[in-house]
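One chain, chain A, links the two complexes that follow: it is found with chain B in the first and with chain C in the second.
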Partner chain A sequence: MGNAELVAMMLADGRLPTGGHTQSGGLEPAVRAGLGADGKQLADVAAYARDRLRTTTRVEAAVAVLTRHIATSSHLSGTKLSPGDENVPKNGPRLSERAATLGPVEAAWAARTPSHVVRGVSRRQGRLLLRLARRVWPDVSAYLPNDGEIARPVVLGVVGAVTGLSAEQVARTIAYDDAQTVISASLKLLPVDPADAATWLAGLHDDIEWLVKDVAPLTRIDEIPADGAPLIDVFAHNHAIERMRLFHA
Partner chain B sequence: MPTRIEVVADPVRDRCLLTTDHLSPRQLPGADGVVRVAIVAAGALLLAGDDVRIEIAVSGSVRLEIVETAGTVAYGMRGGSARWDIDIRLTDGASLQWYAEPFVVSADADVTRTTTARLATGCTAHLRESLVLGRHGETGGILRTATRAWLGEDLLLAEDLDLSPETRTGWAVLGTNRCLDTVTTLGFRLPDDPQTLQLEGPGSIARRLVHEQHQSTLNRPASASYAR
Partner chain C sequence: MPETRSFRLGVAGPVGTGKSSLIATVCRELAGELRLGVITNDIYTDEDARLLRSAGVLDPERIRAVETGACPHTAIRDDVTPNLIAVEDLERDFAPLDVVLVESGGDNLTATFSPALVDAQIFVLDVAGGGDVARKGGPGIARADLLIVNKTDLAPYVGVDVEQMVKDAEHARDGKPVIALSRTDPASVALLTEWVRSMAHAVRAGDHTPVDPGPMAPHSHVGEDGELITHTHAHTH
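And now, the complex of A and B:
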């Protein structure tokens, strides 16, 4: 398998055909509720992205880290995938057995994601990523069905496991992707200068690395943080019944 | 010693064992199959250093209804802190209804509040938690909450909220709202509603983020939107 660094870059690239352009990370309903109203306080976009990194995105990143950990250690040979150069053996446990090992991590994610709307959004994105991943990195099929609505961090964690990404790279991909989703969506929703947007993103690097440091060492499902963000849930529910919208979520 | 309410269903008369600590539980008249218990503060609450622990254990085919006679105010703590821990265990088909009165966190208070519920399969709980950050006209202090609920062996809900002044005011947690009013059901779902969160397992959260507690439309237990 290729270079893990390049895989991480592909996963974080908005041009990867996984429907990233349809997502605003909840920014659209927040804007509708008044974030950046009248073009004022546009830097609230960056503060919103930071709040997500401290709450819901932290949970998602931890779920991806745990998924990677479980998929890597459920490897039949008992040896961990060495980064970047080893494939999952084809004669490993059957798919159903491997999928069963990931059931508890998806259940832990679901218990920490109280809104069915938010879970639905993640699972639809997970499905898009899965359908792409099974073509690009066929080894994911050893852990996941070929199609199905599976939480996006679980799918991403499996991609990380089969391509040799480190826990840090998996966590960083989730965190960066979420922040970039919010900030690039702001260019379509608010009168934001693209250079300001890039500056906000650079300004979030410390928060992203703090998150990475926090969740990358986790190896037990019950250690997954459970930080909630009630307003994000409220906005997601408002958005789900909104008839005029630019972004899916 | 925790405040404890223990109810065991009994064909002749449901047994009810009440233990007073920071709070004093008192039994009220109730219909058949329903045990009603009022909880009253046994002293000044909630002050720095207070460690309030409330244990609820209900067993058998009986419904416990907890009634609070007044809200709780966590006062300024001048660098100190307090805890408020609720532990609920329901077994053998028991059910619990607890519509808590507002829990008000004053300026300079620092409170950790946890709710842990373990329900055997077939049990149900219907809980209201009404958090208010600051008395009228003040900015409330620090409140951190942790909720964990199991139904049988399965974790049904895990949610931690950091409602500290610096983290709650953004566009993700509370925004400019002062009150977080939540009705949670465990073991059964509330009717579908655009604003109701349906958990993955059997359970729901109905929530209102409002400026003034009385603006919350979750106020009325009789409301058809979530009663029964």
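And now, the complex of A and C:
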């Protein structure tokens, strides 16, 4: 299955048709609450992206790593998966059994994501990614239903498992995508010079790699960190009932 | 087509040309005979969805808004996933629906729907936007399944010759239909609803293939020998 490096690039590319253009990583409601001080404190954007990398995004990345780990183990124990066949691989576990092994990791993610609004957003984005993945990487059908609201890091972890991504690549994809979502959205929400935005993103590389180093080795669900950012949850709840909005979340 | 799959009809066109109002008209005229749903792509608010809900022409539950992240073009063309899911969920929740109308966020003349999202598309211009717009062409004007020249009742006030504008549009469209519409002119409204009816029938019968209006309109330029060359293919000069 393909070149893992290139798969990781595809997953990190905002042009991949998975509805990424509808997301701001919570930046829009944060800006409405005063982040950036109407353009007078633009460095807030990078600080916000960094705060996410240290809290909520760590959890997401760890969940994706664990999903990849579980799916990879079950992949090896089963027989060769038939692309696109969501029924029963002849000698391997049934889809329902494979999917069931992912239930606990989704539950662990939900337990660490207390806001139902934030869970809803991740599951919607997971559904969009799943929709694309089942066309581009049909092997995901051995682990996931054809359609469904499943946390995005779980879907991404399965894509990583069936395409041969390493735990590091999976964690890095989640972290980079989150930071890039926030930074890109700032161009539409604040008076930001695009070159400054790219500079902020480059400035987050060390934070991204620290996250990767921390979560990539995890192999047990109870090791998934439980970091949270309550203000991000509060902003998300405000945004869900906001009439004037550019981004879904 | 599966029982729950509706005829998906896109409505695109520049800001303010009357897309929401056209959809309200279609709903008002056809809600009695066809089971309808609407998806709106608003740019900054859920204004269009609210307008349609308050028009009282359709059960408000059957009108849903999709956010576009300030990219109306992307939402109907480059990445239609959020819209597709909204359409499918509406079809599932109100099964069976006959027609789902998808309203694009107001954009420019190059914004057209991907054939992966809609079965057919209407492009809407209005006389107030200028009589020369139809002549300017663009993929929506030239190749949408139907072109609407809207608000013809305003023509005397904005100094536009409707007949000429329609003639320009027909010239750009190579025989594809153009309707000069005013919601105060019942005869023009009847032409629109008849088109929707017959297109719904054709799609359901499997007689219609979605077209891609594509990024480039037919256009001409003067060749080296002074000859006028008209292209319909995508290329760079």
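FYI, the second predicted complex is superposed on the first by the 233 of 249 C-alpha atoms of A that agree within 3 Å, B and C clash if a C-alpha of one lies under 4 Å from a C-alpha of the other, contacts with A are read in each partner's own complex, and residues count from 1 in each chain.
Just so it is clear, contacts are C-beta pairs under 8 Å (C-beta built on N, C-alpha and C of every residue); 3 or more make two chains touch, one makes a residue touch a chain.
Computed from a prediction, not measured in an experiment: that's the story for all the values here.
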item	value
Partners on chain A (chain B, chain C) - clash or fit	fit
Which superposed partner A:245 touches (first chain B, second chain C, both, neither)	second
Chain B or chain C, by number of chain A residues touched	B
Cα-centre angle that chain B and chain C span when viewed from chain A, reported as a multiple of 10 degrees	120
Touching partner for A:47 - first (chain B), second (chain C), both, neither	first
Touched partner set for A:188, first chain B, second chain C, both or neither	second
Partner chain(s) touched by A:233 [first = chain B, second = chain C, both, neither]	first
Touching partner for A:128 - first (chain B), second (chain C), both, neither	second
Contacts of A:20 with chain B and chain C, given as first, second, both or neither	second
Overlay on shared chain A, then closest C-alpha pair between chain B and chain C (Å)	19
Residues of chain A at both interfaces, chain B in one complex, chain C in the other	none
Chain A contact footprint on chain C (complex, rising order)	43-46, 66-71, 74-75, 78-82, 84-85
Chain A - residues contacting chain B, complex	30, 33, 35, 44, 47-48, 50-52, 54-56, 107-108, 110-117, 119, 225-234, 237-238, 240-241
Complex interface listing, chain B residues touching chain A	146, 148, 154-162, 167, 170-175, 177, 180, 194-195, 197-201, 205, 207, 209
Parts of chain A lying in touch with chain C, wherever the complex brings them together	15, 17-24, 127-128, 131-132, 185, 188, 243-248
